[in-house]
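The same chain A turns up in both complexes below, where it pairs with chain B and then with chain C.
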Partner chain A sequence: MDSVQALITQIQGLSSSAGDVSRLHSNLKQAEETIFSESARLFSALDQLDPSIHSLGYLYILEACSSGPLTKERAAALVLPISRFINACAVEQIRLAPEKFISVCKRFKDQVMLLEAPMRGVAPLLTAIRKLQTSSEHLTPLHPEFLLLCLLAKCYKTGLSVLHDDISEVDQPRDLFLYCYYGGMICIGQKRFSKALELLHNVVTAPMSTMNAIAVEAYKKYILVSLIHHGQFSTSLPKYTSSVAQRNLKNFCQPYIELANSYGTGKITELQTYVQTNKEKFESDNNLGLVEQVLASMYKRNIQRLTQTYLTLSLEDIANTVQLSSAKEAEMHVLQMIQDGEIYATINQKDGMVRFLEDPEQYKTCEMIEHIDSAIQRIMALSNKLTGMDEQISCDPLYLGKCTGW
Partner chain B sequence: MEGEDEPSGRMIDDEIYTNGVGEEEKRTRPIISGEQLDVEAYAGLYTGRTKITRLLFIADHCENNQTMQLEALRMAYDEIKKGENTQRFRDVVQKIDGRLGPSYGMDAAWCDTVDRRAEQKKEKLENELNAYRTNLIKESIRMGYNDFGDFYYAHGHLGDAFKSYVRTRDYCTTSKHIIHMCMNAILVSIEMGQFTHVTSYVSKAEQSPDSLDPVTVAKLRCAAGLAHLEAKKYKLAARKFLETGPELGNHYNEVIAPQDVATYGGLCALASFDRSELKHKVIDNLNFRNFLELVPEVRELINDFYSSRYASCLDYLGNLKANLLLDIHLHDHVETLYDQIRHKALIQYTHPFVSVDLRMMANAFKTSVSGLEKELEALIADNQIQARIDSHNKILYARHADQRNATFQRVLQTGTEFDRDVRSMLLRANLIKHDFNLRASRKQ
Partner chain C sequence: MASSSSSGLTFKLHPLVIVNISDHYTRVKSQMHPPLTATNGSDGVDNTSSSPSSSSSSPSRSPPPRVYGCVIGIQRGRTVEIFNSFELLYDPSTHSLDRAFLEKKQELYKKVFPHFYILGWYSTGSDAQESDMHIHKALMDINESPVYVLLNPSINHAQKDLPVTIFESELHVIDGIPQLIFVRASYTIETVEAERISVDHVAHLKPSDGGSAATQLAAHLTGTHSAIKMLNSRIRVLHHYLLSMQKGDIPCENSLLRQVSSLLRRLPAIESGKFQDDFLMEYNDTLLITYLAMFTNCSSSMNELVDKFNTAYDRHSRRGGRTAFF
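And now, the complex of A and B:
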């Protein structure tokens, strides 16, 4: 009883000012053994503490409690206090012990997944990320966990809000890989293919010294999304890709590269047969849905090509050129594409003719001017950042040492 | 039948009306024309090895025309017997296969005599060459190697001939010698089909410090043109052929006849020059006009193309095709050249108009509307014609890209790409820095 009570009073007493808190921190570090052994009793004593004031102490106790083996009852018991803690805790205090905070949140995610209610973890983890981040460009180990929960809970929009931040500081490369991979999947789910391509590209071209499975999976999805979005895929990776990736990635993704080659020929029947024969491989990678989207995009690509050559074309001719089975199907495809804004056209049902129009965007509206202006501002900021980084490195003693040969 | 008779009728009229300019050649029926090739007259244009090669090529490629084939083989036989190439003799006898009667069969006695003579001559040449070599007289060694080269060439050992000719290079003292060697090397290389050598030796000869006489210059230009033709560089080939002076005459008949210069030059120019170049370098070119007189059909078709009479131009081309396919140098390129000329015709037709009725255009090109549509579709997709097809009304509308919109689009796109690339770059730099720091801290 004594040690527990002593701890509690210590926490209560030393949580008011910064100096006190740092003393408390060192005391807690010394008392770690006791905390672990008395975790159950400390847990019941938690209601004596206020998470917003005594965040550091609360954190230590929570960490000790959640560190044991995970069972459903324990999970159920811990989920609520942890989420309340995350919402209420004080940012400066938890930043003193970030590893503990991260481990608590990770355990929290495991518990939520064990209880099969990933939705419950989404909002708390989002708050956790915001509290842990030193700046909006900081990637914490919690980011990939959060995105994973979003994927499982199908809360894509919340995931997207986090993806909008530009990341440039990374603690652990592995976090980045997972973050970009999950982020890519979320963007694919929301059909934001250009952002997905960007994220997947970052995974594939990130510096790595050995092959890792995340990069391989990311490359497979990269190929498919590239086909859907751009209609083409080049197997040459950019120069800055690590040599490990350049040598080995293609070997792991053979069926996908052949799919890309088959797509390049432009013949829909060949592509379909290829997909049929390799269905199990795509399914085992969980990419079958994407592959079907690739198939659909082929029709779109062919119809788009027609807009470049023809002013008007009959639905029959469209069906023949694009190898659809009937004019009705051609009409459906064209209609869908008009609605999605992928082509500009009008369908004349009386004659069975489609009239292709030019892009009505005249670049004269206020919105467009604002868009251009904000793009300019953004790039200027980016450019300044680049210059700043360059200056920083030029002043770095290590660099100067290598340069001047001292 | 009508098509074939008509152009020759027109040509005869031309002959009546045109002034006689440059009357060295007797103005007989043009040899490269729309009618069936007159093998004898054709072969009469050439001398030496190329005559035999061309005759054999014709024999190989006109399987359905027995009489022409046998005629060609007969002439080849006669020509080979005048020379000393027994290997070729055996080949041609095999091809004849007894169809021309006993006088054109295997003459083993002749073969043996020639072979024995060759052996003797070879020994003699070798002895002479060794003698010269020990004496170290440069000029004699050069002549010796030259003789060897000639000997091998006559007997069909082209590789050895080439080597011998090239060997004389070390013993050449004047630029005349060098040019002589180059011309020999070029001749053998053309026969062997190694046109890279041809190009290098042509440039070597042209770099000679002394000025060359016009015949040699013309010969070199022809050789260069042939090399470019083989390399499918039609524009360069056309330029070289067009620069050939009329002094060439019959002096290079062991390689090329002036009719060929006209045909190759004319067709390549038509396929690759734009309109102004065509007018400037071909139609207004007085030198080349002499050559074109020898092949009136090619002259007519170039004029038709320039004056936009596409139907008749394409007619001429169609008539010439069968005979052009029998030419050893042009054989592989006929299809490509014809396609290019046809495409140019289509593009030129649509160029000045804002809208074109596809039915009228199909009439002008003597093809069906749907076929024309397909051809135009390919050209538009290839960005050679800026237009769009109104398939409903069968009209082609010219389409001029809106520069302003296109610029805005490109600008925005470049901005996005820059943004994306720089951010990825900063990220990677940070990763590397982190990795580097990690390694640095580990080392410490």
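And now, the complex of A and C:
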């Protein structure tokens, strides 16, 4: 009991000022062995410590307690103290030992998943991310864990709030891959296909030295989302994709590329037969829901193509051209598209005619001015960052070596 | 060690020499920088005639290397004109410059520029040192009074002059012993047309921190901006004055009020809806064009960045092949 009590008093004593805290940190690092061996007794002594003042000591003890094999009883015992700790801890103290904080949070996520209550982990992990981040552009290893919990708990909106930040600093490449992949899935769940496309594009084109399972899965979803959102898909990847990805991704995603090809023909029946024949493959990748959305988007694509040829068209003709079963269904589709803002049209119900209109945006309003102005500010900041990066890489000895050593 | 020279020689320095010395120093310094990955960048680069003289091999925060070389030019009467320079190896064991190489180079230069002589030598650093006199004396058999050109590579934003000093050697009696010491000499910069064009080109490279406006458009816009700022502050003063007059803090001055009201009546009177529409549409068009210009600028810098990244880090980067740029 002696060493335990001594440790507790040490933590209580040395947690007031920054100098004391750094001394405490070095003491704790040396005392790691004892902390690990006495973890059970230390755990019961935790109520003598206040997580908001003695965060560093609390963190060390929690980390020792949560390591080791995971059982349901241990998980149930640890979940509440850890989430309370995350909410109350002091930011400067935990930033002294970020790896320990990250491992505690990861263990927390495992426990929450073991107890099959991912919802309990969402809010604490969000607080943990905000406390660990050095700036809003910093991607921590906790981001993908948080997004995974959001996906499992189906709280997509909370996940979206984190996805709004632009990222410019990454600790580990694997974090970026997982973050963008889960982020893409969350956006698909919220039907924000353009953001999903952007995130999945990042996974596919990120620098990688060998093939990556995450990138392969992301590429499959990328093809499907691109078909839903843009109505077309091209297999050529931009030149900043790594050469590994450019050569090998296509081989892993053959059925999806053929799906894209048959989508390109514009014939609904062909697409439907293709999907039927390859149903098991899509199902095994958990992409069947997306594939059905692709089918639905085919109708939309065909109706949109009609707007380019006709000014007015009857609902009957629409149904026939797009191969829908009746005029009523055509009306439903057109109505839905007008509501989503995908086409501009008016339906005259008396004679069943649809008149296609131009985009009514005149770009004369003050809101448009503010919109463009904020876009200009953003691009100025981006341009500055790019010139900074350009200068940095021009001085990089690796680049200079390759550049002049030909 | 430095007082004014009394030899009465006028020195003329060409920018080519300054650019050469600074380039030599930058190259050596960037090759000393430890490479970021396993492949040693400096191995692949041709390392012909320069090597850092400092013997420190620690990878971090070593003192900046000193580079050495020779300056050549023409001496006519009392005018010494330094045209060009070349690099030399410094041998730290004998504290002297590589003599054989120097003579070979001298021969080669004589064939192309028959009038050029070796006028002295150069080095980098903040001030002349004792060990430099050794090298200086060694050169005295080629030129009886060599010059020593010293470039200070540390960048000092407050300093407006060039960080280049020219030293001569003079025999002074110190403590009863006649010694050679370095004395500063004044110099002027002399340019040939080719040098003027290249220096002009370098001076107009856009700094990345968006410093003072170097282009005409930016200067014009800055002028307009300051004029509008001044107008704004004047109107604010008037407004404040009128407000305090309204509150009663200052006695009402009718003549001033009459002037303000006549000014207001001169403002443009169009307020109709159609004017608003057209005005906003034109305003939006101008904003869109600015946006488009920034976009193009950004895309081009992104393109260059991607090319550089691919050259540096992608093992089998495609050369010559074109893919569709997203």
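Simple rule for what comes next: the second predicted complex is superposed on the first by the 390 of 406 C-alpha atoms of A that agree within 3 Å, B and C clash if a C-alpha of one lies under 4 Å from a C-alpha of the other, contacts with A are read in each partner's own complex, and residues count from 1 in each chain.
We adopt the following convention: contacts are C-beta pairs under 8 Å (C-beta built on N, C-alpha and C of every residue); 3 or more make two chains touch, one makes a residue touch a chain.
A quick note: this is a predicted structure, and the numbers were derived from the prediction, not measured.
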Inset, instruction - May I ask you to decide whether A:E198 touches chain B, chain C, both, or neither, giving the answer as first, second, both or neither? - result: first
Inset, instruction - Return first, second, both or neither, reflecting whether A:L386 touches chain B, chain C, both chains, or no partner chain. - result: both
Inset, instruction - State whether A:E116 touches chain B only (first), chain C only (second), both chains, or neither. - result: neither
Inset, instruction - Could you look at A:M353 and tell me whether it touches chain B, chain C, both or neither (first, second, both, neither)? - result: first
Inset, instruction - Return first, second, both or neither, reflecting whether A:S243 touches chain B, chain C, both chains, or no partner chain. - result: second
Inset, instruction - Quick one: classify A:Y363 as touching chain B (first), chain C (second), both or neither. - result: both
Inset, instruction - May I ask you to decide whether A:E292 touches chain B, chain C, both, or neither, giving the answer as first, second, both or neither? - result: neither
Inset, instruction - Check whether A:Y399 is in contact with chain B, with chain C, with both or with neither, and answer first, second, both or neither. - result: second
Inset, instruction - Quick one: classify A:E270 as touching chain B (first), chain C (second), both or neither. - result: neither
Legend entry - Overlap of the chain B and chain C footprints on chain A, listed as residue numbers: 201, 207, 240, 362-363, 368, 372, 375-376, 379, 382-383, 386, 389, 398
Legend entry - Touching residues (chain side chain C, partner chain A) in the complex: 30-31, 33-37, 39-46, 208, 210, 277, 280-281, 283-285, 287-288, 290-291, 294-295, 297-298, 301-302, 304-306, 308-318, 323-326
Inset, instruction - Please give the residue numbers of chain A that touch chain B in the complex, ascending. - result: 166-171, 173, 176, 198, 201-202, 205-207, 240, 305, 308-314, 317, 351, 353, 356, 358-359, 361-363, 368, 371-372, 375-376, 378-379, 382-383, 385-386, 389, 398
Legend entry - chain A partner contacts - residues on chain B that touch it in the complex: 377, 380-381, 388-393, 397, 402, 404-405, 408, 411-412, 415-416, 418-420, 422-432, 434-435, 440
Legend entry - chain C contact footprint on chain A (complex, rising order): 201, 207, 209, 234, 236-240, 242-243, 246, 362-366, 368-369, 372-373, 375-376, 379-380, 382-384, 386-391, 393-405
